[in-house]
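First comes the structure, then the notes that go with it.
Which chain is which? They are A, B and C, in the order written, and residues in each are numbered from 1.
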Amino acid sequence: MGKTLHIVLLIVISAVILAGCGTNTGSDDNTLEVALWDEKISGAVDASIEEFNKEHPDVEVKVTYTPYANYFTKLRTSLGGGSGPDVFWMNGPNFYEYATFGLIKDLEPFIEKDSEFSKDVYFDSVIDLYSHEGHLYAAPYFSDIVGLFYNKRLFDEAGLDYPDETWTWDDIKEKGELLTNKEAGIYGYSASVVSNQAGYYNLIPQAGGYMINEEKTKSGFDSPETREALHFVKDLIDEGIAPTVQTQIESNPRDLFMSGLIAIHPEISVNAEMFYSELGDDLGVAPLPAGKEEATITHGIGWAMNGDTEKEELAWELIKHLSGEKGNQFIAETGFSIPAQEDMSDLWVESIPGLDLQVFIDAQEVAYPYPLSQNTIQWQDIEQAEIQGAFLGYKSIDEALDNVAKEMNLILDTEQID
Amino acid sequence: MNKKWLIHLMLIVGAVVMITPFLWMVLTSMKSFGEAMQVPITILPQEWLLENYAEVFASVDLLRYYFNTFVVTLGRTLAQIVLCSLAAFAFARMDFPGRNVLFILILSVLMVPMQIILIPNYGILTALGWIDTFYALIVPGMFSAFGVFLLRQFFMGIPKELDEAATIDGCSYFGIYWRIILPNATPALIALGIFTILASWNDFLWPLVMTNSEETRMLSVGISSFQGQYSTNYPLLMAGAVLSTIPMLIIFVILQKHLVSGIALQGVRR
Amino acid sequence: MSNASALTKPKWSKRKRKEALWAYLFIAPTLLGLFVFYMMPALASFGLSFTNWNGITPPQFIGLDNIVRLFQSGSFIRTLINTFVFTVVSVPMAVILATGIAVLLNQKIKGMVVYRTIYFLPMVTMPVAVGMVWKWLYNTDYGLLNYLLGLLHLPQPAWLFNPNIALLSVIAVYVWMTVGNNIILILAGLQGISQTYYEAAQIDGASKFKQLIKITIPLLTPTLFFVFITGMISSLQVFDLIFIMIGDSHVLLEPLRTLVYGVYESGFEYSQMGYASAQAFLLFLAILTVTIAQFAFQKKWVHYDG
């Protein structure tokens, strides 16, 4: 009896294993798979898909949200395993690799055939971000750019005027010192070293320097301008105006600002809504203070098409709906971030009435591209470890910057060979 | 009397260390988003918010995730207990050519980092047509080198005289496995059960990568959606974590009795 | 492996053949499953370790370049040492602690279910919560640990920032996390020890401690052997915990970088799957060697009470 039992068991298990073999691989012809990471934008995405379905009622669009921390691991695994979503979000640091490996389709042939899509209506910064050798590989969806957030209550308590477009680095130092209250644990300025995008990536071009040259062959981290920018940060930290890097790593400046412990904090536009919901009318925003020059880092998100998709026409139609005028209108209305189409930006500005979001639109005039090459993530890891290490006292800032430039140049050299 | 006090004292000291993060999880789940971000951190919530729990239910389809997780866990656990114990029985009690080599081969599975087999496995599951199905969630988790090793180790501790007596009585190999080994290895089977349930319940990367749709979503993946790119809604995440943990705790409380229930039986046998 | 052929029954080949056949049948399902979902992918990755595969596009054969590159890289030796230290410190600690606690939890005293459940909690607590709470405990300025040390006027170290103690700080969390696993295994193992031994010892007037050393520990060795081996195999592959503890602060990584962290970083962050596979393969060889050595050595201390 026992024997029969386990033979039955064996058969069941073999059957389970074999059951899947017969089924067809891949999704059927009438579905499009879409992948992205930020669920906050689901309202806008759903609205665009609804529009798309009006024209293609027989097509089912399946949307999968994967948290950012795991998004690229999952995407990479599915593409490496031979499938993956048809249409998906792309960001700057990953873009060059996906474009050069042919993992995402060159959109130029679709654009040429299609009179409805024009690159001209988008902010140049986002078009440039997702262009490789002059060809667009991801359709711009939204843009994010850095602005100077501040806590009005802390300014009022210190009896100071709010920041405005006349501010320079000197004001950060002067006003920052007045805003700092060591007993209460309040810092004047955040001087973020843990987030390069909201922190020193803005200061370097403001000092007249660059992170990577336009040809993407040379690092700018050892230039005198970069040194100046980071020594500016160091001074602020040494004087206690900004939290030490150890404090920054342990308690993110973003959280300190939301807790009312930092008076001035540069931050990406995407976080405006979160800040506003925490700080309410205490929150204000101004343009980034100028150094030698005015500059603010810009980045954005685009929709890319799987390089192996068999449904490219449908995928293109969907991308057009997502990044087209209606799609941009939907993003603007949700207040998520600046829609990539310039004309839709006014709509976004109204999404948080208590906050002068126009600052971010105007900042596009002095936008500076987020530094990228094929192996961005590799040299950014080195950059962060070296620079944060210098601030933690492991080495001098100049030594760290020399190391970054050296290692980064080595990586850039290998990209030239490929 | 004195001794018991000492035992309690030692256990309580350890318990404080062990329970802190769990309490933390519960406390955070009742804070507001702003308070969870606050620096310096508060220990007790300024206001005890139960709304976070309601919001978890409102924002994700938790009941479906419970159901999915339950089905997957049940499937994996039952299969592992049966399959691992059969293999372990062969390794512990039977003699056959290549036994040591096969055993090391099975053990070697434990030595390959999960990260490295993820992509080839995705390819295999794609070829089988299993991506985004329950097959992908259950079948690969039915086999466990750890389980084979664990049970083999325990089976080897069961006195051989018992099998020999059974052999003389005319028991087949399966009979020995079924009537002698399994009943005498309850604590080990329960231990394996606990580990499998735990591993399946908390498994994150595998279901995240291998499934996409709501229909196949597991609790761990569903809850992770409270993690954002720039900020995580910790109170919601923790509320979700507490909710996903509760069934595990109930299961453990039930199973732990059996984990230590072999005593009487073994005492008699000797 | 122990000597199961000690069944000194008359041996005739038909019987032997039947036994072998049944044994293969018992093993077959597991072996097949492990082959398809673990060994095949592992073999694939072994092959890929000789290529420059980026994880996505077709690979090119580059021979042993990955291995050469690994030994030339500055951080590899450091990584090896970290991984080694991690295992050598954490595994014995987790085993000894767990044995002590399991013996206590095996008593018949009031509230045992509550204790057992509490000791089980670290295993069910969500990893993100574990990371969060420990980061807070270790926080230099606002952390609970340093607050308590401050009350006692003791030095307040920067637990994760001081490169000399960062690894130990993470090891402590790892032990905390894994001790529950071991407790469950050891509790199960304790049930296999017959009460008659203790009764005999009590008649002889042996103290509780003597009973622990003379009876419990020796009879627990098959379980301890298991706990040791599996603990070692998984601690040599530690990754998740380090990822959780440092988040995206690469500056904290160097004193904590382990072999599998390198595998993850190369494979999934830098798209160098071939290189990652080579690292994984080296790690595999190392673990395999240590495991086989442990099996050879087990006769010296493991008593299978058959």
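The criterion applied here is as follows: a contact is a pair of C-beta atoms (placed from the backbone, for glycine too) under 8 Å apart; a residue touches a chain by one contact, two chains touch by 3 or more.
Predicted model, so just to flag it, every value in this text is computed and none were measured.
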item	value
From chain B, the most remote chain by mean C-alpha position	A
Chains most often in contact, by C-beta pairs	B-C
Distance from the mean Cα position of chain B to that of chain A, given in whole angstrom	37
Whole-Å gap separating chain B and chain C, where each centre is the average of the chain's CA atoms	16
Of all residues in chain C, the ones touching two or more other chains	29, 33, 36, 55, 139, 141-142, 268, 273
Chain A residues counted as touching two or more neighbouring chains	13, 17, 73, 76, 80, 251
Per-residue multi-chain contacts in chain B, two or more chains	39, 83, 86, 119-121, 139, 142, 174, 177, 227
Touching residues on chain A, where the partner in the complex is chain B	2-3, 6, 9, 13, 16-17, 19-26, 33, 35, 37-40, 62, 64-70, 73-74, 76-78, 80-83, 251, 254-256, 258-259, 261, 268, 270-271, 274, 278
Chain C-facing residues of chain A, complex	10, 13-14, 17, 72-73, 76, 79-80, 97, 101-103, 194, 246-247, 249-251, 375, 377-378, 381-382, 384-385, 388-389, 392, 394
Chain B residues touching chain C - in the complex, by the definition given at the top	4, 7-8, 10-11, 14-15, 17-22, 24-25, 28, 39-41, 83-84, 86-87, 89-97, 99-100, 102-113, 115-117, 119-121, 124, 139-140, 142-146, 148-150, 153-154, 156-160, 164, 167, 173-174, 177, 187-188, 190-191, 194-195, 198, 202, 204, 223, 227, 232, 234, 237-238, 241, 244-245, 248-249, 252-253, 256-257, 259-263, 266-267, 269-270
Of all residues in chain C, those that touch chain A in their complex	25, 28-29, 32-33, 36, 54-57, 135, 139-142, 158, 161, 163, 248-254, 265, 268-271, 273
Sites on chain B touched by chain A in the complex	33-34, 37-39, 79, 82-83, 86, 118-123, 125-131, 133, 135, 139, 142, 172, 174-175, 177-179, 205, 208-209, 212-213, 224-225, 227-231
